[in-house]
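Two complexes are shown next, each including chain A; its partner changes from chain B in the first to chain C in the second.
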Partner chain A sequence: MKIKKNVAISESGFIFNPTTGDSFSTNPIGLEIIRMLKEEKSKDEIRKSILSKYITDDSTFEKDYYDFVMMLQTNQVADDSE
Partner chain B sequence: MKQKITVAVSGLNNIDSPGPGIPVIRALKESKDFDVRIIGLSYETLEPGLYMHDLVDKSYQIPLPGAGIDSLLERIYYIHNQEKLDVIIPNFDAELANFMKIEPLLKSDLGISMFLPTQEQFDERHKANLYEFGDKHGVDVPYSKMMFSTSEIPSISKEFSYPMVVKGKFYDAYIAYNAEQVANFFNKISAKWGLPIIIQEYVFGSEVNVTALGDGKGNAISAVPMRKLFITDKGKAWAGISLDDEELVNIANRVISSSKWRGGMELEFIKTAENKYYLLEINPRFPAWVYLAAGCGQNQPEALVKLALGQNVEPYKAYDIGKMFIRYSFDMIVDLKEFEQISTIGEL
Partner chain C sequence: MEKIRYERPVIKKLNTGVMNKYGTRTEYAPVTNIDGARVKDLIAEFGSPLFVMSEQTIRKTYKDAVRAFTTRYPKVQFAWSYKTHYNNAICSVFHQEGSWSEVVSGFEYNKALLNGVPGNKIIFNGPDKTDDDLILAINNESMIHIDHLDELYRIIELTDELKKRPKVAIRVNMDTGVYPMWDRFGFNYESGQAWDAINKIILTNKMDLIGLHSHIGTFMLTPSAYAVAATKLSDLAFHIKSKFGKNITYIDMGGGFASRNTLKGSYLMGADSVPTFDDYAEAICSALLNSEYSKEDLPLLILESGRSLVDEAGFLLGTVLANKRLSDGRKATIMDFGVNILFTSFWYEHKISPAQEFSHYTEDSVIYGPLCMNIDVIRENITLPPMKKGDNVVVHTVGAYNMTQWMQFIAMRPNIVMIDMDGKPHLIRKKETLEYMNSLEITPEYLKGFKL
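Now for the complex of A and B:
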């Protein structure tokens, strides 16, 4: 999973895809995950980071992470290139 | 020091389905090289641009295109006598044919410059010929066919699958989901714009457009792609955003290079989920959203004026990505005297 290079992500969680003209906004945890994806961190690394910082469990992370990355792919913000 | 010039511009109907006149004028007023006096050319007395005195210095009514080139010429001679025009920028599809015919005469007799497509370019990009145009210039175009009578609907229904697009030769397009709707749209469009009606294969995807300028020698001076973000019930963009789409710009450049397009143009595409581009339409003049190009750093109307005046114009290399335009409407308060003046003497 890779965030497309030309996608712009602001501090406030505003995401702009200049190829399609679409824009989105995400909450702070979504922004954190996107940043880690941009740094090309693996799913395991992202899982460890989220589980260490927030009160959640592995299966909840798994479900929410899957939903989130599917949304990124559907909206052409990310490529399924991992 | 800026060069003083007088430019006549039509398309002052800045309404919900706007003409490109006012955006063209705004771009010209921001020119770094020209100090432009604007002469508005109007067909109707309620075209809002007539009353926008901060943008339009003086306006004249001109005869409707159906009146022919003799009455148009007579009127232009009169206007030139008053205003000493340097350049005319016609902005309506329906008036272009007349202006193209008188372009050489206006240049030789009055020294007025225009920068219009040739008759051949104008004809080959026509909606009825677009499929062949795509074939010739290597661009994908949805399959289309001309239709002259509702009696052709049964054979059309066999050749095309539903939904299909029903289009007028100049304006208007509707999506028909059954034969009854095709007949309905056929009658509605033909009553307004005449025949033929064009039936076009429906392609699913998002609409992306390019405003561009060709120098007539195969060079694209400018091409700025945009996606509509808000579309009115008439299908017009009420908001849009400039895109970073190299493939789209490349296709526009290819069309301009291959056709040696002369003048402003708008290319309308559908981009499918598989990232394939289908050319839906070529408008042979700037679109009403051309001011976005100026806002992105490519002042296409200014470059067109330079080309018309025979000046050297280098192709633009970059434009701002992610710049948006958002239209708005406001009510002008107009004195009845002004309306009376344009209605009676045809000048304001």
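Now for the complex of A and C:
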């Protein structure tokens, strides 16, 4: 899973994909995950980071992460290349 | 480091300058309490889902309606529409405020009597009145609103048996310029059926025709239709006076006033588009005052409003069961309440508010109920903050019809509480139990016991 190189991400969570011309907004935790993906952190590293910072549990993170990543792919912000 | 509140990660495509089918964001503030009672506390004590009625809102709305009419017309009486919400506590609030009762079945009639309403303050509408119902109503001197000729002839027969003169009115249906025209109840005005029924009642001399009634429709968004109805009923009353020298004691305009809910397909929010009590009152009262009545003969104006008086006083508290992603990418949230207890979601876009703090990020969602049925959709499109399993929501404006038309399907009907004027909750209907449901069923002996 990689965030596409040409996708622009602002500090406030505004995302622009110049390939499709689409723009998006994301919430602060979504922005954190996108940044970590951009830094090519693994899912385990992202999990540890989120669980240490937020009041949540492993299974909640697992299903929300899966759903979020799927939406990044659907919206062509990320692709599933390794 | 202290951990911070978790919110599900969301990404939302921006459609700048383009309208989308989800509309604008619906709710900015969480609803954490109702009349001072905390939503979380109510759910903890009474369970979820939970219907909550606000006594404060009922009394305020009733007073608003009464003021709108009594400042325009000298003789006004409201009769609480039992079918809208016949919970005894709710009915008692309306009766304490001075409302008579309007019922449409023997069940409702007896409920009103048990609530302490005198028989002569009960209006008996509807097409289904059994002999026992009619005898009870005649003996109690209730106002019987005749729906069809078969009922009229049966009442004539009963007067001979009972040796009593029932107090009756006829229900009149008519063209008021709105579509659809309700013509299945009562006698038609334009075709002469109503005048024919009036002549039969008066000339048989077995009962006293004291009123004229109409109920032109439901969720009426055009107050002028009531002006047409009031004018036509007044014309009938004037003809009765001219031909028979009899005064009609009351004109009953029925109900049908809209609540502040938003109808599906409506361009504007209900709160911005539905007429006010003053709009309806101005149309009806002006029509009556401008008719042929002399000052002394002005009839009592009866109103049978239900929905507009109680809808906003009702809330449904619920809990998120799950979130899932549909095949087309839409977010779906499954609640613990469905169309079985929120019947009105078939025709309203109910406002739904989160019951806890949230950030300003939102998602376009579909709200489903928990039933294993494809039709169990509470909102097809709604914009809400990301909610997680266990979060609570408040559904607004659910006080009318849901707690009488609800279905015991798959699950039991939940508790109803009423928040009193001091913010204290009272359980006014217990949730159903398996024991209660099973107590109504009888399994024949030969079907008991089997091997699998």
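Criterion: the second predicted complex is superposed on the first by the 82 of 82 C-alpha atoms of A that agree within 3 Å, B and C clash if a C-alpha of one lies under 4 Å from a C-alpha of the other, contacts with A are read in each partner's own complex, and residues count from 1 in each chain.
The definition used in the following text is that a contact is a pair of C-beta atoms (placed from the backbone, for glycine too) under 8 Å apart; a residue touches a chain by one contact, two chains touch by 3 or more.
Since the structure is predicted, the reported quantities are computational estimates derived from the model, not experimental observations.
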Practice task
Could you look at A:T26 and tell me whether it touches chain B, chain C, both or neither (first, second, both, neither)?
Solution key: second
Practice task
Name the contact category of A:F68: first (chain B only), second (chain C only), both, or neither.
Solution key: second
Practice task
Based on the superposed arrangement, let me know which partner A:P18 touches: chain B (first), chain C (second), both, or neither?
Solution key: first
Exercise for the section: Could you say whether A:Y54 touches chain B, chain C, both of them, or neither, answering first, second, both or neither? Expected result: second
Exercise for the section: With the two complexes superposed on chain A, say which partner A:N6 touches: chain B (first), chain C (second), both, or neither. Expected result: first
Practice task
May I ask you to name which of chain B and chain C touches more residues of chain A?
Solution key: C
Problem - Touched partner set for A:V77, first chain B, second chain C, both or neither - result: second
Exercise for the section: For chain A, give the residues common to its interface with chain B and its interface with chain C. Expected result: none
Problem - Footprint of chain C on chain A - complex, ascending - result: 15, 22-30, 33, 52-56, 60, 64-65, 67-68, 70-72, 74-75, 77
Handout entry: Of chain A, residues touching chain B in the complex
Key = 6, 8, 16, 18-21
Exercise for the section: Provide the residue numbers of chain C that touch chain A in the complex, in ascending order. Expected result: 1, 3-14, 16, 323, 325, 329, 359, 361, 386, 388-389
Handout entry: For the chain B and chain A complex, residues of the former touching the latter
Key = 206, 208, 226-227, 229, 240-241, 243-245, 321-322
